[in-house]
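Once you've had a glance at the structure underneath, I'll fire off some questions.
By written order: A, B, C, D, E and F. Residues from 1 in each chain.
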Amino acid sequence: MTTAALQVTDLACRRGGRRVFDGLSFSVKGGELLALTGANGSGKTTLLRALASLGRADAGTIVWQGADIAWLGHLDGLKGDLTVRENIDVAERLRGVTPDRQRIEAALASFDLAALASRPVRTLSAGQRRRTALARVAASQANAWLLDEPFNALDMASQKSLRAVLAQHLAAGGLAIAATHVSLDMPGARSLELGA
Amino acid sequence: MTTAALQVTDLACRRGGRRVFDGLSFSVKGGELLALTGANGSGKTTLLRALASLGRADAGTIVWQGADIAWLGHLDGLKGDLTVRENIDVAERLRGVTPDRQRIEAALASFDLAALASRPVRTLSAGQRRRTALARVAASQANAWLLDEPFNALDMASQKSLRAVLAQHLAAGGLAIAATHVSLDMPGARSLELGA
Amino acid sequence: MTAFAALFRRDLRLVLRRPGDVVVVLAFFVVATTLFPLGIGPESNLLARIAGGVLWAAALFAALLSLERLFASDYEDGALDLLLLAPGALELAVLAKCASHWIVTGLPLALLAPLLGVAFGLDGQSLAAVALTLLVGTPTLSLIGGLAAALTLGARKSGALLALLALPLCVPTVIFGTGAIEAIATGEGFGVHLAILAALALMALATLPWGIAAALRLAGE
Amino acid sequence: MTAFAALFRRDLRLVLRRPGDVVVVLAFFVVATTLFPLGIGPESNLLARIAGGVLWAAALFAALLSLERLFASDYEDGALDLLLLAPGALELAVLAKCASHWIVTGLPLALLAPLLGVAFGLDGQSLAAVALTLLVGTPTLSLIGGLAAALTLGARKSGALLALLALPLCVPTVIFGTGAIEAIATGEGFGVHLAILAALALMALATLPWGIAAALRLAGE
Amino acid sequence: MTPKRRRLWLLLSSLGVLGVAAALVLYSLNDNLVFFYSPSQVAQKHPGPERRFRLGGLVVEGSLQKNGQEARFKITDLKGELPVVYRGLLPDLFREGQGVIAEGTLGADGVFIAREVLAKHDENYMPPEVAKALKESGRWQEGSGKK
Amino acid sequence: MATLHFLANPARFRRFSARVLPALSVVTALAVAVGLVWALAIAPPDYQQGETVRIMFIHVPAATIAMGGYVLLAVLGASLLVWRHPLAALMARATAPVGATFTAVGLITGSLWGRPMWGTWWVWDARLTSFLLLFFLFLGHIALSNAYDDSERGDKSASILAVVGAINVPIIKFSVDWWNTLHQPASIMKLGGPSIHPTLLYPLLWMMATFALLFVVLVLLRTDTEIDRRRLEAAEAAA
């Protein structure tokens, strides 16, 4: 895995004629986890989408280096009629990558999804579904993870699994940015509070 | 507000040919809050839906007394093209009740939505949206609240508001059942762990 | 009854959020019907003969185009749960939704049809027939379409099959609708056709809401 | 290229798991086309003359009917974000989606049309012409409809708006499609028409994916 | 492949496809995609008696005979001629020597039975006195607007 | 493009239009007056059509400017998509209804003219059909740009439509050459010079210029209103 680096300078976003944030500058590099915190509506999602170039930034620059991005938004992008494994598999192929069987099985295992792997996602519980989306990210060979409230709907055990997976990703030199209301006490984690 | 009471005896639910839970018996009455806890997939949502008679129960009995139910599911049922206030208003009317202006304004205020009240819900952030759905419940004159993971996507301040609103509801003799992964330390709260 | 009115108005409001949206629906009819002669050729007496079919086909298309989403959006965003929980009869709620749907598709088409009919070279009596048959017949389309939409909710394959069966239910309505215009051409009145259309609409009104409500309850589970 | 195939297969699989949407479209096609013989009565040479136009108009409506959801479901469940982020060209992804849409609507329509044509009293050569022109022409409809669907993502009244935008752009295709059947009746071949339909399809293929991709990027913002 | 090169590739293949499309159009344009047929085309094609089509051309000078409601005249494309019979009102611009388009069927006797006659106006505009002068000076060309 | 670049900033556009509009309006009004007198009273009747030919003085300029209007719309759309000119969006919003109106005028006058000349109001020949499509494209543009709560989204979506739809313009223009149409081929821009006698040609050209002026004045006026409306929206959002 090549390491990724992100440099953001003086970023501003407006939505509906209102300033969400401006003058935002920070940088993140491989092995680091940036937690975006802040009240509801402070702009975490807006920032994440801008970083992924899914959303429009109104000023400033976003420079990625050597990044291959995996995305998890508020909406998980899972297809209810496909099974857990199919969803993960198809997501990898869409990223233009041949799915790595072993990685996928490992990701499924770390989110305790092995037993559910051939169930259509439609029949999953909310937390099981969120875990599927997380497993999709973990299974990807991407080095930069952008996660919007990954802890949503997870039970305690799964939250622990997610921390473990994140730690492993960082240890392997990966970079992650996560919007969250849960405090992330992890080595390598910093936090950026929006709307403060 | 008349007080509601719920008596559940020997309840069993199956989904997709699998037992989700069985032999479940408990009772809740006015002034009580029952927290449904348990791992992802342990059946909290299934139970809540069965209690609201949205889902099918396969055995056992559910007996409500004097209950008027307000529902908040994983999906919030808000219409993106209507404003926050219109959504709350329409939900009340659908319940066959003339909306109570004052209650609505109070509910909006307690979830800090006054400034957003005339924004289409589509333009809200995830947490703002969840708060709107909660305000809808708080604004209803229902005496039995069924909430599926009400703390999802809320920031710290809003979580506190929700606790305050719940306490107020209980104090007024209301009944509430909430599926949650957050521990609820509140007077009048009991918890029922599923799948244990 | 207030719940009925509330749902009816909510749906109307969702649709009428801006007055321009109605214009879009009307424009759609105009475009859809004016483009038909293209395929068929400009021969005017032929056009007049198929005018009934064209207007009815446009009505059917319009009904289905928007009906597919009639319950799907409520299903997908959880609003269907709120409907199912409402204390009023679900059958009435269903009726409210179909009625508001009709107001924004069937009704404008029926009102616009005489104008479009002029472009097809219809005479006065045929114009009246077109407008009246559409007025009486389109509610049936809205209800049948509603049934198909409710049946396809969720993932049951049987739902698709039932929807396939539901659509041919539109055939009688369409037959008598276009037949009315035909009847005028042969010098008969269209009173009988209108009566039959009304009977079909009333039958649909009396029976389909039960079916739709049942299908929705299944989808909720 | 693997991404293209993956998306293509994903969409096909999704449709097969939930055949209701396609089934409704085909049912609409059948009902809409059978409606005309009913309106006109059994005068067979008149029927044969309008057959081409009717089949093409019904095919156009049917194609548009299903196109509304082409990108909408991906938009609503967040899968569009994954598409936009995929490193492959979005233009190709768009093509994959339109292709899979065509496989489940345009292709069945083209196969079904000769059967319906028999009911209109078309002769063998005309039946071949109907099937071939639909086969070559419907991809254009899928692409144009795809553009309209992408442009109207998240818009109010998207169904009617989609039809309003797409119908005019589809006119040339429909003209040449029906023209082919006309031409046979005059004893000419329909080779020229087929060539122009193919040219239109290629033009759509070369240009529209760019527009659709641009529209989708807008929707993601 | 870098994104830039891929876009270039896509662009080039798009252009290639467009080229094929253009070739197809060019191939088809020299054939018969028409609003109406000319008499000589009709002579080649022998449309059946059931078949309605449009016939276009110039009204042959001196061929018009009116008999109450019925009008008989000939249409020419300067290569072939076809007799036409029509019952009904002729448009204002219907003149001998002018373009017309008639819609109808070809009778068994080879006479075109028109149901509708449209006048096709050419692209020449001039005051009457100029037209007269031109005619007198002999520089007037019959059907000068037609290709 | 140079002028557009110069005017890309709405404020600068405001100053420009405030300076130019009054004079331009007066000139246009004068041109209309002169043109009407010339076309209706002075120009001779046609040798074939008689007085009916006077419809030409409305029909041809309206049709030509309508097509020009669509080209402008497509150019504005492209410059919004490529260079993100903020003014392009506003101007496109201003242009579409004006263009639609000119198209409608062309359709109506053509139809009124066709009844006496051809003997029919309407046929589905290539010229008439493609011109009707132009009208629908304008309508689609208007509908699409108003279909979103976020007007920026509407602007950009409509731009894509404008650019894609531009292919229709050459089809309208050359339809009369490529296919046998009932509609006449070109009279003015044709090989070998115009086939309209100067006594009819000059008032026609005058009316063309007049309609072009009218179009420009209307678009400038409406752009001004659009700027006001956008400012109001921004102020409301900020409040």
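The criterion applied here is as follows: contacts are C-beta pairs under 8 Å (C-beta built on N, C-alpha and C of every residue); 3 or more make two chains touch, one makes a residue touch a chain.
On a predicted model such as this, the values are computed, not experimentally measured, just so you know.
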| task | Please find the path from chain C to chain D through touching chains that uses the fewest steps, and give that number. | result | 1
| task | Please flag the chain sitting at the greatest distance from chain E, going by CA centroids. | result | B
| Chain whose Cα centroid lies at the greatest distance from that of chain D | B
| said: Please identify the chain lying most centrally, where each chain is represented by the average of its Cα atoms. | reply: D
| note | Per the C-alpha centroid definition, the whole-Å distance linking chain A and chain C comes out as 45
| How many angstrom between the C-alpha centroids of chain F and chain A? | 50
| field | Whole-Å gap separating chain C and chain F, where each centre is the average of the chain's CA atoms | value | 37
| field | Junction residues of chain F - those touching two or more other chains | value | 123, 129, 136, 139, 143, 147, 149
| said: Among all residues of chain C, which ones touch two or more of the remaining chains? | reply: 17-18, 24, 27, 31, 38, 41, 76, 155
| remark: Each of the following residues of chain B touches two or more other chains, namely 74, 81, 123
| Residues of chain F defined as touching chain C within the complex | 122-124, 129, 132, 136, 139, 143, 146-147
| If you look only at chain D, which of its residues touch chain A in the complex? | 2-3, 5-7, 10, 13-14, 17-18, 76-88, 93, 220-221
| field | List of chain C residues in touch with chain F within their complex | value | 18, 20, 23-24, 27, 31, 34, 37-38, 41-42
| said: Which stretch or stretches of chain E touch chain D in the complex? | reply: 3, 6-7, 10, 14-15, 17-18, 20-22, 24-25, 27-28, 31-33, 45-48, 50-53
| message | Residue numbers of chain A touching chain B in their complex, please. | response | 15-16, 38-41, 45, 74, 119, 123-128, 130-131, 148-149, 152-158, 181
